[in-house]
Structures are given as C-alpha cells and as structure tokens.
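The next part holds the structures, each set out as structure tokens.
The same chain A turns up in both complexes below, where it pairs with chain B and then with chain C.
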Partner chain A sequence: MRETAMEVDREDGRSQNQLRPLACSRNILHRAHGSASWSQGDTKVLAAVYGPKAGTKKNENPEKACIEVIWKPKTGQIGKPEKEYEMILKRTLESVCILTVNPNTTTSIIVQVVNDDGALLPSAINAACMALVDAGIPMKHLAVAICCCVAKSGYVILDPTKLEEQKMKAFAYLVFPNSVHSVLPEGSLRVEGEPIENGIITSVTHGIMSVDDYFYCLERGRAASVKLSDFLRRNLQQQSTDSSKAG
Partner chain B sequence: MGLSNASGDLSTEVEVDAFRCLFPLRFYEKHLLESIRPDARPLGRARETTIALALAKIGSTTMLAAIKMEVMTPSLETPDEGCIAIDFHMPPICSPIVRPGRPAEAAPVVAKQLSDTILSSGMINLKELSLVSGKAAWMAYLDIYCLDADGALFDTALLSAVAAFSHLEIPVVSLNDDGKIVLSEEQGLSDREPVNKEKRKINLSSIPFSLTCVLHKNYILADPTAEEESIMDTIVTVVLDSSSQLVSLHKPGGTVLAYTSAIQDCIALTRQRVKELQKILEEAISGMEVD
Partner chain C sequence: MEGRLANSWRLTVNDKNFIKTALLSEIRIDGRKPFEFRKISIKFGREDGSSEVQLGQTRVMGMVTAQLVQPYRDRPKEGILSIFTEFSPMADPSFEPGRPGELAVELGRIVDRGLRESRAVDTESLCILAGKFVWAIRIDLHILDNGGNLVDAANIAALAALLTFRRPECSLGGEDGQEVIVHPPEIREPLPLTVHHLPIAISFGFFSNESILVIDPTHNEEAVMGGRMTTTVNANGDICAIQKSGGEGVPRRVIMQCLQLATSKAASITKQIKDAVEVFNTERALRKIKRHPTSTGDDVREKQN
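So, the complex of A and B:
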C-alpha cells in the first residue's frame, strides 16, 4: 500500500494532489469561430477553432467530419515533437466530437503555445476542448486532461512544473471524459461496473514506471478529473449567463 | 437454392470479397463473434515473427535497421557520454498511400516514439559509447526503413532496432598524432596504442519489447494488420522491458474508452509477447554469431 500521509516538499509549496491555479477565458479572438486561452500556473496555451469548412482532405473519410490540428510551438521550427502532439490531439478530439453530424467538412484547430512550464499537452487538450465549445462544435462530452508524475520513491504528484517533470523518473499524460459527479452524485452510466468517466480516452507515458505505479496514476488522475470537470462546468455556466445578460 | 456448381462457387466467392470491401466492420464483427480473425488467428495471438540480421518481420510488416557510427565531440554537460540519433523512414515502397511528395503522417510520430522508448528504457548505457572523455565519443545513427507497412509499425521497428544494436560491433580506433581518432589497421601493423583493444559489442540491459492492440467494443485484438488498424481506430501500444517495468503505454484517442480491465488485459498480452520475442531474439543472435 502506498504511504498516504507522506509529506512531499514541492518547490511551490503545493501538496501532492494539488493542481496549479487554473484560468480559462473563451471568445478572445474575433476572427476565429471559437477560441480559448487556458493556463495552469505558468503554462499558457491559446487555441482557435475554424470550422466546419466544406470538404475533407484526400486521405480522410468523406462520410464523417474531419478534424485537423496545427500545433505552433513558442519558438523554433516545427519538428517531430510537434507532429506527435498534432497526431495525439487530433485523435483525442476525434473521439470526443460527434463526427456524423456534419459529414464532409473539416474543422481546424490551431494551438499556439504561449508559455511552457510543464504539463503542456494536457493544457493544450483542455484549451482545444474549450475552444470547440466556444465554436459550437457538437461533442459527446469534454476531454479532461491531467499530468501525473511518478518519483523514484514511488509517490505520485499531479500537475508538475517543467522542473518537476525533468527531475521525476516518469510522467503520464491522461485524458478522461468529464465527470458528472457534482450534478449527478449517484453516478452516471456504468460500463462493466465502472462509471463512464473512469475510461481513458488518451494515455501517453514517458520514462519507466512499474505497472502498479501506472494504475496508481490512473486513480489519482480520475480524482483530479472530477475537480477539473467542476472547474470547467462553473466556467462554462458563468460565461453563458454573462453573455445572456449582454444579449 | 439449386445453383450450378461452377458459377455458384464463383459467385459466393465474389460476394465475400465484395462484402469485405463494402462493409468492413460487419465483416470483422462476424468473425469476432466466433473469436477468430479473417486470417484465422485467435484474438490474442500475434503474427509470425522472424529476425534475420537487422531485418525484422512481423507477419508482412518488414523493417530494415542500419547503424552508422561516427566520432564526434561530446557535449559539455555530458563529457563522457556518446549519443544516439534515431530516424524512421517510410519510403514509397512500403505502402500505396505514401508518395514521394506526400510523406506518411505516421513516420515522424513513430520516429519520435521509438527515440523516446529506446532512450528512456536505458537499454544502452551512453557511457559505453565514450572514447576519450571530453574529446571524442561515438555518435550512432540508427536508421530504420519500412519496406512493407502492414500494421503494427512501431512493434516491428522497435524489434529491428533492438536486433541492430545486438549485432553492432564497435570498430577499433586509435588516437593519431594530430589528436584525431582514426580507424586502426590490423594489430601488429599499427604502432599506436589503440583506444579500444578489439571490436566489441554493446552491452544491452533491460531490452524493451512492445505489443500493439486494437480495442473494439469488448474485444481486444493483438498485433493488428493495416486493414484492422484502419477499420477499428482505437490503438493501444504497451512497451514492457525484460523486468516487466512499463516503459510506455501509448493510447492516442480512439472511440473506445479503455477501462482498468482492458488495460490489464493488454498488459497481460504484452507480458506473454515479451517472452515470445525474447526467445526469437536470442535464437536470431546465436544464429548470427555461429556465422
């Protein structure tokens, strides 16, 4: 069993399971059909959505809507890491959007990294989801992304900064569907005895960890996704009431 | 019901192929209900794997790996470590969708995944690649060429990379008067002290092995072909090393959500596969050494 009462010294004084301050604002760009800026501590990402536009690319299935992701790093040329991020983001968003509603269309999502201080890919996924909501693209549920780091001694911390990511022996980016726990305390639909929000949409790991460490990360990640889902729900409700007052 | 034999057999055969093209998912689901796949494999079995020199084949997927060694000055932060550069190429020979002007989307992604896996698994101790601390170290360029892309590209590429490193022999070099490293001639002819006495092999610890699985509803299909990968879009790649540590669990999106039971099943399938691959690799290496 893991020692739960472990005092972990993190440089910014957070506890093991504490996330950095989250901030999200939508509709910040005027030309884009949808846009959002997401920041977790010092990591800040901007996402813009253009679409649905007519036509799909050559290799894509014209019976479904197509999603295209362009990742722009803060500095430097586009290389293999950017292509990998684009592929992961594209597949994650394809599984979250309802692709049968607008067949033979392309929705482009452009992600611009403003600052990278750890947990970059999860922040980008969260920003892209909020931008898709802002653009009104139909989705099954939101994708809530979190980063878990495993230290050499076996304890797991959430939402690391860049320094923490580099020091730790391994980290995992996990993406879950959003949790409905705060609105439906009795739980949502169950599949094989597990609620839907326990399923992983995406998992990317880096570094060596034991299989038990990975399952422990999944547990911590699920707990954190409940908190993140609440934050997203409050953020979306607040901004929609603001706009209805203005209109 | 009474169809004549010759045309009757032909018409049913054409229908099966047409059905496979028009309704690929239903074609597969009919097979999955019987727990079998169109190529007669059970769901959890990988295709036949062979390794010959640095050419690895899993089913029809074929990869060729080649390592070129060059001497370079090590960086200031790591003066006694060498370097490995890994690149993955998908030339047009491998698949009809790859054209010279249209590079495959999968290529840079697999290259980065391979690079991350090999470097983070600690298979190669970079200090072994050092020659003269602070002045010279080996740079190994590993190039992997895909000759036939039929699914499970990452698995085959990793296997061929591991085979290439197992077979690698570091040449004998010595320091000449200008302070440069040169290739030594045969012992006896050279009057300079060689930096390393004889051609040596790299010591590989904790070799990573991987298995790609495809998830569809409740089924888990191990080692998918390209057709299976294109129809069922949820792909999970698990990489374990020889001490059963998880090197990577890569699941990029996909319509099917992975619950704890599915992940445990994938990891169990990978553990079995690791044992199979270890045997195949050992046989291949001992076969090469006899020559």
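So, the complex of A and C:
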C-alpha cells in the first residue's frame, strides 16, 4: 500500500525524500551574543540570542534559567500565529537547554523571518539552535527540525515549499534530538533501551492524517534528521576552527 | 523584564574620554577620518521589494508590500505611502519588544519626511480609480543590528526596497468599468514604482569640545556626542529635510559645512544604490528567461491528459 519507490512530480524536480539546499552561517550580528542565519531553499530565517541576563519574569521559576522567545514576522502586526510559534519554540528550546546551570537568568531568542517559502517553523528551530551554540548557552543536545507532508494519495514528501504545503492534505513539523557520535559505550546513551535520537521533542500537525500516515512521517523524518545532524556537525566543526569573537 | 540597570549597556568614563581626546587629533576609534562614511553594502532578497543594507556594523532590512485600499477623503487621487519601523530586540539589548519607543518613531518620521514630502515617490501614479481604489505602499524597516547611525542605513534600505519593488498591474473592468481586476504576475509583468529622485539621509554628530563634527557616528560615538543632525539631500543638491532635535547649539557656518558635505556624499551613495539595483534587475531578468523551458514542459504534459 505504501508506494515507497514511487516517482513523485515535485515542481522543483526533487524526489520524495530530498531536502532543499541548506545554508547556515553563524556570528553574523555584532551586538547580539549569538546569531545565526538558516536557509532551506528560499525560506530564510535569522535568529539572535542575548543572554543569560539577570532576573526572570514574574511567572517563571527563579530556580531555573528561563527562555524568552520573540518572533518577528516579515511584515504586518504580531498576531495569534506568531504567539503560537513563540510558545512552540520556547518549549522546544527549554527541553534542549540545560536550565539548571544558570538559575534566575533569562536568555532571549529573537527570530526574524526574512522569507517564508514553506517549512518556516522547522527553519526557525534550526536557526535558534545554531544561534544558541554561537552564544555558548549550555545545551544537552541539538534539536533538528523537519517538515513532512502527507498528500491525498498517501505518499509523504519532505521539506515542502509554500505551494506544496498549501496543496497537501496534512503536514507535520517534527523535531528530533540530533544523532550522536560518541566515545562512550553504547549502553549509556540509551533511554529505555532505545538510542536517544529515536525520541521526539516536538510534533505539530496541521490537517487530518491517519495513524499509519503519522508513523510513516515519523520514520521518514527520523531518517532525514540524521542527514540534517551531519550537516549541522560539519558546519559547527568548520566554523569552530575560525577565530573566536572578541569583545 | 523592565530595562534593569544590570542589563543596559553603558560606556565607561575611560572609553568616553578616549573617544573625545582622539577626536581632538582627528582620529576616530574605528580608524576613519571625521568626514569618512563607513562601507555600505546593499543586498536584495529573492522577492521584489526586499533589501538588506549593511553600513559598517549596522544592519537594516527593508520590505515593501502593496495593497489596494480606499484613498483618504481629502486626497482621492493619490496613493498612500506608510512607513513602519521595527526596532527589533535583536539589534540592541536595550530595545524592548512591543510599542515603538521615541527613537523608532523619530527614525520613521525622518525617513517618511524625506520620501513623502519631497515627492520622491509619485503617489498620483498609484491611483487606479479616483475615490475608490488606490495602492497603499507599506514599507517595513527592521533594524537587525545597531552599530550606530540607524537613520542613514534605514533610509538607504527603504530606497533600495522601493526601487526594486514591483506592483501588480491592474485594469478597470466589470460592467460599468468600476471593478478593478488585479493581474497575477505570471499573466502580466508587474510594474515598478515611479521614483523621481533619491533623498539620502546623512547624519552628523557634534562634540562639545572645540565644536568637532563627525559624519556617520558609530554607536560608541553616539553615546558620547553632544548633539546630532540629520540632513536629507538628493544628488541634485536639493535639501529634502533637516532634523536637529535638541542637543547643543552649533554656529551657522557649521550647518553650512554639513550641508555641503552632505551633498557631496549623497551623490556617491545615490550612484551606489543605483548600481546595486541595476545588478538586481539584470539578475531578475535572467531568472525570468530561465523559467520558460520548464513552464512550457508542464503545458505539454497537461495537454496530453
């Protein structure tokens, strides 16, 4: 039933599981403590990090570090969709950062949408993670985000453009921990017998999809997250050999 | 998180004295001469009407969008031009999200005065149906990095975005000719805006000792300077706007010196903007040519079905 080897006609000629060209650069802003720009095809997002700053907001737990997310759309007023993105990003990043290292501090992450051509929230999550690394905020692991779409006929495509997102029956934004290359013995990195990268940090779906479709999306998403993790690792290793930021 | 003292950036007394003393010998802390502008780089995004300008360490993004609206009652034959400035918290730790502060409002007003009141953008050509439908052009300026002199960078970003923006072509139709049909860009090529001249904003900083004058202050110099003045001039030598709000008083000859300097800088900046727009336009034309082979391919497949 699942046409895994089906040739799908995507407008830009990609195959089902092919991601758009990725580009990432860190340390692009001078005032921000950490900054990154992430682009997947034509979708481009800029993220900046300031922190840790003293004090937490009124309703936050002062025994832990707090994360504040500000989402800036390309044009127009800030409305409910932007607030939703802020909330999803905040919760995702709270589970990725080590919050007990700097209690009673706030780290602000500002996300600016430069261009939206599909898979906006996953790009923002990836950009925010890279900016946090650039700022040196302590994290357990990286969050790798991907978007999977389910079409009416049941096939799943990865990393849709805006037009593809609108035409599809349903799509899901999935965030996984990054794949681990470790010198430690295998056993210590497993959670309940499964390797850590099989876990899901965040999943947001739009539209109706069957349970089977959803699990298929998870499979495809997990496979793609391994490729994304490799890209992130290469990018971070390359730039860490450059001269560090002064002042 | 109200602006707590611990989080706001303050320049130390030593830094301030160093900047002032260096200026006495005509040395600026980034190695420039007093009347030297920082390097300007103008880049464009994929779509029409989006620009990113970098002036030294200052970074501003401009976005132009258009919408069909009803015109103002007292100006039924003119389009509407509005400027929205966003001092994004990513630019400076002291910028708070939410309502624009007085700096943001002042910046928006200076750019607005330069574009609208000098009639740089032709608003009459934006009218489709007098009294009913006109184009409202909205310019969003996002300040991404505050390295000083936000006004000049924002002004250049707004101009670059306006020059590369294309509005859809529309025609009157319907039974009584009162309906407006907006043609999508694939059917009819969108049109550029009519921009008569380019008003360039040039900012000066005044320092109290020996009435020293610098052009294009960085944010360190802005924290030290006693007064500022922004002049908006165009390459023809017309003064579009002058803004000097408070700060220390300067003699008349200094103002005249500023205006002369501004006119000479405006010519070179205008040329830079126009060159960058030319490059973008040729790239855009090339992209259009490349699109045709794939689009004719799709048509063939549809016909076979």
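Note that in this section the second predicted complex is superposed on the first by the 232 of 247 C-alpha atoms of A that agree within 3 Å, B and C clash if a C-alpha of one lies under 4 Å from a C-alpha of the other, contacts with A are read in each partner's own complex, and residues count from 1 in each chain.
Operating definition for what follows: contacts are C-beta pairs under 8 Å (C-beta built on N, C-alpha and C of every residue); 3 or more make two chains touch, one makes a residue touch a chain.
Predicted model, so just to flag it, every value in this text is computed and none were measured.
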Superposed partners chain B and chain C on chain A - clash or fit: fit
Partner chain(s) touched by A:A48 [first = chain B, second = chain C, both, neither]: second
Vertex chain A, arms to chain B and chain C (CA centres, degrees, nearest 10): 100
First (chain B), second (chain C), both or neither touched by A:H30: second
Touch count on chain A, higher of chain B and chain C: B
Touched partner set for A:I110, first chain B, second chain C, both or neither: second
Which of chain B and chain C A:L218 touches, first, second, both or neither: first
Which of chain B and chain C A:I208 touches, first, second, both or neither: first
After fitting on chain A: smallest Cα gap, chain B-chain C, Å: 12
Touch list for chain A against partner chain C, complex: 29-32, 35, 42, 44, 46, 48, 50, 53-55, 57, 68, 70, 72, 74-75, 106, 108, 110, 112, 114-115
Of all residues in chain C, those that touch chain A in their complex: 1, 4, 6-7, 45-47, 50, 52, 57, 59, 61, 63, 65, 86, 88-93, 97, 138, 140, 142, 144-147
In the complex, chain A residues that touch chain B: 59, 79-81, 83-84, 87-88, 90-95, 172, 175, 177, 191-192, 194, 196, 198-211, 213-215, 218
Chain B residues within the chain A interface of the complex: 97, 105, 108-109, 111-113, 115-116, 120-122, 233-234, 241, 244-255, 257-261, 263, 267
